[in-house]
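Heads up, there are several structures right after this.
In the two complexes below, chain A is the common chain; its partner is chain B in one and chain C in the other.
Entry: the complex of A and B
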């Protein structure tokens, strides 16, 4: 049986080869979080001055928040794109039958593969903005960014469960569905990364509590406010993320096991 | 648990028993049967042989391959690979097989041949020095090393190189059983011959090869035994020699005709067809057609005279006639029809 280590190694190498062989894409990936910073500044300018932005978003260091928040947003998009898209991507390439032939359950392959590609992308997104944060806010801000990276890693776990559901739905849909592209705007809308969730209608504000990215955004706000964030708040965020990780992954894994059976009934293409 | 073998099945690498599979169209709750792909298909592949599934398009070859490869579940019937059930023990089956489903796709376009093999090798449980050695040897075996295929992106490879890379991926795992769906489809004669030679070599080294094809010539020179599929059933099985014996009381005759009038040609085919004479035709080039007739021994002269008279009556010009030895193609034409398995 193929070991999990082998699957991880295969995916890390594939990511590396992919970036090495697509240099323009690599540069674009590095620039992407900066593009997101400008989008956030544009959104933020709707609030008025930087001081007003600080006050309304509830952060002490708006510059650090802008960078950390943009990294969280891009990382969240990357996780959904990579994890939800992996199965559909394999089908487009014609590699789906060959990954299904791995002597291991498909759900194990999907989870490990998605986790690895997501973590690589998250690290990439945060690493790309790290130099700008250190230059503008100093070395201590770099440490706070590491804190955000840690939360983003944990935030990746519940996002994976959501992504599995999206990916499986796309794979089983009879037509080439756009389910994955629907997930990203929905998650960003409810994450509160561009504006406080308080300004959303009540129902959407309630829904935002079920979105893992919201808690990572909260962590980014903490990092942009305190050098040493209060332990109780950190624990609440961690607790919420772990709870959501369990919830979404139980649903995601069960759905993937069903989807594997359904795929084999229909025949893998 | 593996299957308990009967004495007759003891040397079987692959056993398919009464496989049935129907494809549906539409989605729940309006799903309706579209194509009955397999209707009780059965065959056995012995260890160390090259077994060919020969059939026209839509006969059920790819469906069979997918079921044997654990990529599809049959509606009914059972299949075993090395004694393991392909549905309930699919993980065991996957450890023992190497599969090639398509020549054109199945790899990452922006990765080189070697990078692609490394990725799949790791997924199939290889690593370290063993993986690198297997990559080297499989690239060497399929002849990609000398063509520089290891460092070429998959997107830049010719169809022949892609087929070789597909075969290299199969060999990477050193499987007991190789399952290949139309491995030479669309290849130039040189590449196709190379692939066939490799498969024969692998069988000589003890591997079992299950290959599908609709290329008669390929089946005849590559396979130890052939199963002819029509409408989801194996309708004849045996060595190419045994199968040719099925029509040994017939003589194949080829007639080359010149005409641009296809309705007249169809009329000629209709007039020549009898219970004991099978007629098929194909276009060789614009205005040139080949008639293939299978006539009872002893009636060759009579049928040929009939061809000349009836062709002249329809203003068709006979360019050449030839009485041939029986080939697998004649057997195939004699046994298969145009039924593609459509339901209703």
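Entry: the complex of A and C
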């Protein structure tokens, strides 16, 4: 049976060669957070000011925050896209029946491959902004970025649980793409990356507490405000992320096990 | 290919895309929701930079800017990205064999793209109204606004095809080549009125097709005076659209020639 180590190794190699063999794609991936920062600053500044943004977000360094926030947003999109898209990708290619029939459980393959891909992508996204952050904010900001990276790693776990639900929903509904793909922008909307969540309508503000990325964004705010973030706040963020990781993965994994059984019974359509 | 056969092919492709839209209805609704959510993120992001007392006037600019951007980006992304699916599914070879137009097939992706854009725009209007209040879409001249919005869709279709041809040449998915398209949101005068842009960007914006149609949308919807005047914007818009079309045509010849000479290559995943 294919070992978990083999799946991990294959995913790392696949990621490496996707980027190595397609330099344009690699450069564009590196550029995304910069583009997001440029767009938000330019668009916002045309109708207001960075000072107003700084005050509304409650951060000391809006530039550092915008870079970290954009990288978190890009990473969050990557995690959901990769994990939810892998199953539909296999169906597109016609390899899904084979993946479903290998001795290693489908759910194990999905979890392990998605986790590895996500961690590689998250590191790549955060690393891409490091040069700008260090040049603009100094070497100490680089360490603060590591803090955000750490939180994003933990934030990846609950996001994976959510992504699993998206992937299997598309397979069961026999749709061509991830039909609950709207979760991706919904997560961004509720995370308040570019605005404080308190400007959202009340019901959406309450919903934001169930979104893992919101806590990673909170960590980015801490990193953009304090050299040494307060320990109590850090623990609260960690606690929330772990709780959400357990909740979403229990739901995601059980649903995937059900979907696996269904797909084996009725076949892939 | 004669006109009769071309029209028959177009009818078959239209049928296919409509059939597909119904077949994948959940995906289409999901797509409309995605459009709405991204519009909401950009609109709220811009409002975070403005004092609350100015949200009423800022939201008008923001709504029409983001709406224009949605109508530009959705067809562009859809057409530019679909070439990957088109090749993976073996549709290139099938169309090549029967002599059907690849460009026509790809450009018909605007059907679901416009439906999704419509769902997204209406929802975004409701969301912004609920958040800010007041009259955001004044609709100074609704018919002209619609005409200029459709002009933007046409420009985006041509640009999407250009990205598809570039994808064929570089084996890179359209959206990844689409950095310029995203930058145009700002420096191309789509999201921000041309008059509000810094000097260098303003000059650049005047040479892009989207800025003129966007200026005209703002003029017809909320009465903002276009930078070059109405007739000036129409003339400049037509010229730049023709320029974009010619560029797409030249790249198309190169991409098809390359694919027919060396065989079609798969396009990498994002």
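The definition used in the following text is that the second predicted complex is superposed on the first by the 256 of 269 C-alpha atoms of A that agree within 3 Å, B and C clash if a C-alpha of one lies under 4 Å from a C-alpha of the other, contacts with A are read in each partner's own complex, and residues count from 1 in each chain.
Everything that follows uses one rule, which is that contacts are C-beta pairs under 8 Å (C-beta built on N, C-alpha and C of every residue); 3 or more make two chains touch, one makes a residue touch a chain.
In this text, all values refer to a predicted model and were calculated from it rather than measured experimentally.
Asker: First (chain B), second (chain C), both or neither: which does A:267 touch?
Answerer: After superposition on chain A, A:267 lies in contact with chain B alone.
Asker: A:22 in the overlay: touching chain B, chain C, both, or neither? Say first, second, both or neither.
Answerer: both
Asker: Does chain B (first) or chain C (second) touch A:10, or do both, or does neither?
Answerer: first
Asker: Between chain B (first) and chain C (second), which, if any, makes contact with A:43: first, second, both or neither?
Answerer: It touches chain C, and chain B stays clear.
Asker: Does chain C touch more residues of chain A than chain B does, or is it the other way round?
Answerer: Looking at chain A, the partner in contact with more of its residues is C.
Asker: Let me test your reading of the model: by the given contact rule, A:93 touches which partner, first (chain B), second (chain C), both or neither?
Answerer: both
Asker: For A:57, select first, second, both or neither according to whether it touches chain B, chain C, the two together, or no partner.
Answerer: After superposing on A, A:57 lies in contact with chain C but is clear of chain B.
Asker: Based on the A-chain superposition described above, do chain B and chain C contact any of the same residues on chain A, and if so which?
Answerer: 18, 21-22, 93
Asker: State the interface residues of chain C toward chain A in the complex, per the touch definition above.
Answerer: 24, 26-27, 30-31, 33-34, 37-38, 40-42, 44-51, 54, 58, 61-62, 65, 85, 88-89, 130-131, 170-173, 176-177, 179, 182-183, 185-186, 191-192, 196-197, 268-270
Asker: Can you name the residues of chain A that touch chain C in the complex?
Answerer: So the residues of chain A in touch with chain C come to 18, 21-22, 24-25, 28-29, 31, 35, 38-40, 42-50, 52-53, 56-57, 81, 89, 92-93, 173, 175-182, 184-186, 188-189, 193-196, 199-201.
Asker: Which of the residues in chain A end up touching chain B in this complex?
Answerer: Going by the criterion above, the answer is residues 1-3, 6-7, 9-10, 13-14, 17-18, 21-22, 93-95, 97-104, 109, 174, 261, 264-268.
Asker: In the complex of these two chains, what residues of chain B are touching chain A?
Answerer: Going by the criterion above, the answer is residues 23, 27, 63, 66, 69-73, 91, 94-95, 97, 99, 101-102, 104-112, 115, 118-120, 122-127, 153, 169.
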